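Consider the two complexes below, in which chain A is the common component and chain B and chain C are the respective partners.
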Partner chain A sequence: MSTSAATAAAPVAVKERPRLSGFMPIIALVALIAALTVADPDFLTQRSLTAVSRTAAPLILLAAGATIVVLCGGIDLSIAALASLSTVFLALWIPNLGGLATLAVIGVATLIGALQGTAHVLLRIPSFIVTLGGMSILSAVALVVSGAGTVRVVDDSTVKWLDLYVAGYVPMSFMVAVLVVALIALLLKVTPLQSWVSATGYAESAARLAGTPVDLVKIGAFAVSGACAGLAAVMLVSRQFSGGPTMADNLLLPAVAAIVVGGTAITGGHGSVWRSLAGALVVTLLRVGLPIVGVPSAYEQILYGAIIVVAVALTLDKSKVSIIK
Partner chain B sequence: MNALEVRGLVKHYPGVKALDGVDLVVRPNEVLGLAGENGAGKSTLLKALVGLVSPDQGQIFVRGQAVKLRNVVDAANHGIGMVFQEQSLVPNLTAAENIVLGSEGAGVRRGIYRWNEMRRLAQEQLDKIGSPIDPLARTDTLTFAERQMVEIAKVLRIEQRSQHPPVIILDEPTSVLESKEIETLFAQIRRLREFASVVFVSHRLDEVLDVCDRVTVLRSGQSVGEVATAGAVPRELHRMMIGSTGSDDHYHENAATPVTADQPRLSVRGLSGKSFHDVDLDVAAGEILAIVGVHGSGREDVCRALFGAEPTTAGEIRMDGTKVDLPSTRAACAAGIGYVPAERKIEGMVGSMSVADNMTLAKQKPRLTGPFVAPKKQAALVDSWIKRLSIRTPRRDTAIGRLSGGNQQKVVLARWLIGGDVKLLLLDHPTRGLDIGARSEVYRLMRELASSGVATVLLADSLEEAIGMADRILVMNDGRVAAEVACPSGGKPSPLDLVKEMV
Partner chain C sequence: MTVTTEVAPAPRRSSRRGASFRDAGPPVALIVIFGVFAALSPQFRSFGNVQNIVDSAAVLAVVTCGITFVLMMGSIDLSAAGVMGASALTVSLLVANNRNGNDFGFFGILAAVLLGCAFGCLSGLALVLLKVPSFMATLGVSAVGLGVATLMFAGVQPNISDAALKGWAVERFLGFSYLTWIAVACILLGWLIQRYTRLGRYAYAIGGAEEVLTLSGVQVRPYKVAVFALAGAFYGLGGVMVTSQLGAGLVQAGNGYDFSAITAAVVGGTLLTGGRGGVLHSAVGVLLVMVLTNGLVQVGVSPYWQGGVEGVIVVAAVAAAVIPQRRRNQVVK
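Now for the complex of A and B:
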């Protein structure tokens, strides 16, 4: 094996090209907008783009939060149930706490996320199981707390700001979602967190043997995921003037679809929150676009299911997982 | 006609030429030994012979006919079977089920197991090797040696698939066996020779010489020679395995510095855990202590326990006289302990991450300003270490997975050095899978670190490596320290001195 000698003789000057797959979500996004514009020339208007971005905002948040968990090699299936529960809490607490209710709800959601992370780490249960159980428990708690009905918000002055428009066009909720994504991305980039998270997701035992705080990183990831679900709940309440025990439940599949369409590896280690932002926009556009091309919205779930399977089939690094369970 | 013949087999892996034109001949009814160091290409060659690896070039002939082996079943149809190093039995099935698994034949009718028939089929195989194992015993109730017999019986099923005498490949079958069990195995191999050809792989040369008729030596993916075992001496084989580069100060003994410390850097008393008991050991600053022992001696676990990666039940660990508690790897890092794991690709590095990220994974502080990564600081730091250790990488942000094994290992080592605060290095097979040049560089690095005062615990890849590198050798046997052998430069013990204590 004379490879080391060979490398020495010919210093490798190969520039690694940025892989095309990095742009896939953007390409998909542009292609989708183009296709929808062809199908319906009225689509590419400021009004419909505003509507799309407003619809996308909570989804972006849910996907971005869960992306961190996926990057660590886990999955968070409880995000939608947690968001639903949070809408109920918010609606119940606004009369007493006023503006503080928003912070309280995000705080509680963060705690619930961290709690699930702790259970995953300490009890050594797969995150899939912990959050599947969490999903069920949180849904039930939401039903109990709300009395199985919608909780109306009479005075929504404290959350109304999220439903306003910046400069008259850009929905405030979308701005907030993008801001959160940017904040998470920046935090990862400028601190050791990025390498900790990728190392944990890609090779947990290597990370542990390098002294990386793997357990804390994972708990932190679930906490961020919870916080994002809480904030998404605030957006939903600001839009619907009420909280409901199943209000966000139908966002779970789209959120997972957004993550995998964005190209974040479901096996962990590789991906980013920006990708999930693009993924969330793709998923929202598809959702909005279906009626435009004449497909009844009842078919939506088929689409999400197909998207998830196809996207994972395309992006899964099969060299990393030898046995697929 | 040769039972099996290999001509000019070539196999590339990214960054490594695992096989570089190997030739091999297996004659009917002979036991052929395959010797070579780790990384010489033995396992790749074997995998090619049973269709697990498809070669890039070259041909395989079975009884004179060129064949293309696509998978294990395909190889079995040609009469080639392998007993794997890691056993491939399903633990919760009976021995009989395991033996006929995948080739049930008459053992299954209309999808239903016929237990009597299966038992008979299995017994037939076990009889071939004269084994008294009950075919209806659950596999996980058998001892390791018994399971190995089951494996051999299972492989012999391939006789049913081809009319010709089979070729049985045994990959490192003795590594976990005790000496008595080894005797039984050798008796089996001699029995197999009556009706089959055997390829026997072991890194223990005495065994190879004992049981084989002929030995082929591999080095760097090439066959470098062939020796008839009658009258051959281990030293000659060994020279062929290592090649000429091995002889002239491979281990940089000239750079070894005498140990001059009165207080040990690391002092362990009565350390016990799941697989080791009452271990005492001392390592002085600047000293290299090698721990040797066979598989199952517990030395790997002791090493991991010293890094907080394996729970301990009793005992105390002192660093420079101060008692330290190591509940986690983080605590060990904070105590100035560094660990280079044996499984570089899985545990040592994060393949998709850059050289820079891998290098700074353990010690973040040198690249941070406050809580933030300072890109310039990081670049300067990483580049200086790339230069210092002459790591061959296109750039510092190249994914570590793209480097060659030796350079990857240097990055993993550098991880502990960049902080400048490492006091104790635990090296678990640091040269595993590296070529000779890269190995030599790792040795040089170890010498440099030792002379700068770092204490080292080395789990060597071979006895020769332990003897060459260490100042002192601890022999472990069955979870306990069996002996301590001084190993100063100029007064090195022989491998035989150590083997005596190991088994």
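Now for the complex of A and C:
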């Protein structure tokens, strides 16, 4: 079938890229841990590692979900706003729905993601505009629904399990995040989805001609991104005992940074969710590590900005785009 | 299927007609929307409210003026929020304020505008030298700007006491605040640049057909950087104007302006794909957005919806703009 022709081309392109770049996020991760251990010998203890992994969990989910969209060649800028809205929904629904609220929120987030994907595909609007508009709309809905205030969760027994520790050390949220990443990776691997996604990202017109259901793949990617944002929101609520209309908004930049630091090319096709997992850990370590080496946390934002620009420049597939807008 | 065949170029006349409709659409929409709200709310049609709308449009008009040049090239700029924050803090620390003994007056304002210019330059250089797509480069620069602003803020809010700068927002000339007149001057300047300078003409050409321009021997890269720098200068001035309104330098001075400016430019008829639109289009777009948000509040819609309304109209406007090229645009990222 013609689909196999498109997929056969993909591995060649992957091989041509420097092998080293595949290990870059891991190397960066190890180097960072080593550097932080030198700076502060107390860093490499079970307690601080537990804290880091617990902090990283929602970021991992957000980054992993958006990675699928980036792999298709698009971008999802609405993840953080969607997560914020989801925290509000969850906090409002827990009293009535109890345990079902978690599922309901993830379902709604998936739907919102799919809706954005559909708008992107059907109306032929660039994904960053759809999701930029979506970000604005979702924030407005969150503000209106919550009355622009924090919604407290009085009885958090239904989401408390996410804030527990497996075997006393590993945070449950981190386990869940890794599990979700593994699940997405497995799903991509054992189904034709992997080749469909990368074909869409590498060469959309070719993929379309070869019979790949490009539109469905894109909508699916946005739906996965939405679902991950919903689950990240559940984690945030389980930790903060409340939902807020801007609670997750400051996770957008770190999530984008995590994706590009992981080495997923912003031009699409090249990358994986595992890379974003590593990227999210790198970003979290940087965030935690700045105060350890004595840099004020105000530099955090500057660091994110610099990371995004540099990492995109390094991972960009320059052969593919002759004109960069 | 639509995608399998290359669609022959549409007959010339139909594209012309599309263009004129696009040019006439936003002003007509502005009048219609204004009429509807005026009919619905007696408060809306009072002279005081019209004054209010125009005055509150000033900052957005200046920011949109800048972003229009970037959009004309077919690029995008998300850095306004960060640049405005940094320039707001810069100007509030350089003119007479409660944090330090500086009193540079006009030069403080100039420094803030130049800082914005420098940030714009940074975005442009990341685009042409590192080949980072503009929405990523400017997202990064915005974060850097916010970080710089946070560093300057240092936990204590700088309140300005410079009489001249404070007066910008308060004093009036012919019924409108000085800020409005500054915005009018900016639009005029932007229009002159767009119409009569090489920079403006090339910005159009880059958006229309960059390949052709490159093949005919034009060095487009310096112009791209210059366009981003120009846009940055407008954001810098926008940050100064917000500072004048608030009487203090805040990190969040530019919050939401990046998106509102894109909305205004797109609603005004500037295409995201570049090559069409302009400063005057954007000015109409700014008024459209302001009339819509003001009118909705006047008829009793919660102000929290403002961002949502902008989100809906930007998606609708972009969708409407691509309809003529629907069949040609095979790949939309």
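Observations
Methods note: the second predicted complex is superposed on the first by the 307 of 325 C-alpha atoms of A that agree within 3 Å, B and C clash if a C-alpha of one lies under 4 Å from a C-alpha of the other, contacts with A are read in each partner's own complex, and residues count from 1 in each chain.
To be clear about the criterion, a residue touches a chain if its C-beta (ideal position, glycine included) is under 8 Å from a C-beta of that chain, and two chains touch if they have at least 3 such contacts.
Nothing here was measured: the structure is a model prediction, and the numbers come from that model.
In the overlay built on the shared chain, the residue A:195 is in contact with chain B alone; chain C does not reach it.
Residue by residue along chain A, chain B and chain C are tallied for touches, and C comes out ahead.
Using the contact criterion defined above for the overlaid structures, shared-chain residue A:185 touches neither chain B nor chain C, since it reaches no partner. After overlaying the two complexes on the shared chain, residue contacts for A:212 are found with chain B alone; chain C is out of touch. Of the two partner chains placed around the shared chain by superposition, neither chain B nor chain C is touched by A:92. By the document's definition of touching, of the two partners only chain C reaches A:253; chain B does not.
Across the superposed pair, chain B and chain C both touch chain A at residues 205, 208-209. Partner chain C is touched in their complex by these residues of chain A: 73-75, 119-120, 123-130, 132-137, 139-141, 143-144, 148, 204-205, 208-209, 253, 256, 260, 266-268, 296, 298-310, 312-313, 316, 318, 321-325.
Those residues of chain C that touch chain A in the complex are listed here as 3-4, 73-76, 78, 82, 126-127, 130-137, 139-148, 150-151, 210-211, 259, 262, 272, 274, 302, 304-312, 314-315, 318-319, 322, 326, 329-333. Chain B contributes residues 15-18, 20, 39, 220-221, 307, 309, 329-330, 332-334, 339, 341, 346-353, 357, 360-362, 364, 368, 371-373, 392, 394, 398-399, 404, 406-407, 415, 435, 437-438 to its touches with chain A in the complex. Within the complex formed with chain B, the chain A residues making contact are 1-5, 7-8, 11-14, 16, 189-192, 194-195, 198-199, 202-203, 205-213, 269-270.
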